[in-house]
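Lettered A, B, C and D in written order, each chain numbered from 1.
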Amino acid sequence: MTATIRFFARFRELLGTDIQAPVEAGATLTGLVRRIAKQNSEGYEAIFDESGNFREFVIIMKNGKRIERGAAGITLVSDNDEIAVFPPVAGG
Amino acid sequence: MTATIRFFARFRELLGTDIQAPVEAGATLTGLVRRIAKQNSEGYEAIFDESGNFREFVIIMKNGKRIERGAAGITLVSDNDEIAVFPPVAGG
Amino acid sequence: MIAIQHEDVDIGALVRNAKEHGTGAVVVFDGIVRDDDIRQIELEAYEEVAVPELRKIAREASEKFRLLHVDIVHRIGRLDIGENILVIVVSAGHRKEAYEGSRFIIEAIKAGVPIWKKELTKQGGRWVPGEHPHGSGQPGYHIS
Amino acid sequence: MIAIQHEDVDIGALVRNAKEHGTGAVVVFDGIVRDDDIRQIELEAYEEVAVPELRKIAREASEKFRLLHVDIVHRIGRLDIGENILVIVVSAGHRKEAYEGSRFIIEAIKAGVPIWKKELTKQGGRWVPGEHPHGSGQPGYHIS
């Protein structure tokens, strides 16, 4: 199974984007993003707090739908899922 | 002495505009406009009420400055004055 | 550019020209001849009073809303359905000032600038009543 | 026209095209790269989510404010000072709806569309913080 992780803005600069990640059965959204983010400590710290939870301002989407931070730890990742992780928006 | 009377919008259609009117010494604004307006009864009635006072909505200017209806009867007209009389504005 | 004129105006060019140093937002208001079962409208202005009044409104709006640039072009004469009647272009550092400044200008024009509009219909014509029957036409009277 | 694109847009042409039957007012909002002691800005979007979100905002604004036409063009990539970032064109029967609809759209975009902006300065770069830190980025969350 493979999922795509897309980081945006500052998270993209620190961690890259369009990352094809192998996913094990039973992997959670939080677990997957944590594993990818660990490749760069500054990137990890930008997204996760000391307890390994998503920071309050971080926005997470699965296949274009918002996933609440609290639910990300129990949301399973399936084959071909697209996970997006980004900071608060600032368009316009 | 001569003054110019400018009517606008509906008043212009009924009474004309840029009217050069001879003015006698001591003529008031109301008196002058009343005399000019009498040339067309529909025009007169559009501007003046039964008592010969300016109707409430009529706007009067002398040389580009607003003259209140109440003051028009005691405002004297001088040589070369420009008197404008018009209905409520509707631009934009 | 503050003008009362017969000619139409190039909105794209006005917007480009409104980008003074410090501009973060431009707001354009374009008032248009609406098809209210009419053929045309005819506009008339007391230009010698209306133009200084537009300048005064532009100056007031600039101070009140820290506008960096103001254009007001009001057309007169006969206009077809869909034509521009009034174009207001304002620029400001931030959007709030630009929106509020633009709105202030249109309301002040409607309230107090000597311009009149006649709807020309198949049956004849009808002068459009002012929106502010008690207080209109008075220079210096603006909605705040 | 709802788009996220690199290219600039012809505001004059958008205004002409917005004059649907019944239009009495067009309001344009043009967000511009402001000279906040920067060299350029760089914009990035999650396009697959941002475009549907812009469409949804346009639809909501159209219903709520009876808009007759809505264009939203948000640019991405590197832009110089003075360039257009975001152009919103709305038309309505009357000015109140046009102004309010336009404002609704810009506020909704700022609150919830996944687009980010980086200021490029002589010293490097700085991501612009969102205006709505608690609640931003959530589709369907709009200021009302």
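One rule holds in what follows: a residue touches a chain if its C-beta (ideal position, glycine included) is under 8 Å from a C-beta of that chain, and two chains touch if they have at least 3 such contacts.
Since this is a predicted model, take the numbers as computed values, not measurements.
The chain with its C-alpha centre at the largest distance from the centre of chain D is B.
Note on chain placement: the centre of chain A and the centre of chain D lie 27 Å apart, centres being C-alpha means. Note: centroid distance chain C to chain D, computed from Cα atoms, is 24 Å. Once the centre of each chain is set as its mean CA position, chain B and chain D turn out to be 51 Å apart.
With touch defined as above, residues shared between interfaces to two or more other chains in chain C number as follows: 31, 106. Multi-chain contact residues of chain B (touching two or more other chains): none found. Every pair of chains meeting the contact definition is listed here: A-D, B-C, C-D. Considering their complex, residues 10-13, 15, 19, 21-32, 34-35, 82, 91, 93, 95, 98-99, 102-103, 106 of chain D touch chain C.
By the touch criterion given at the top, residues 6, 8-10, 12, 56-57, 59, 61, 64-66, 84, 86-92 of chain A touch chain D in their complex. The touching residues of chain D, counted against chain A in their complex, run 31, 43-46, 48-50, 52, 74, 85-86, 106, 109-118, 127-134, 136-139.
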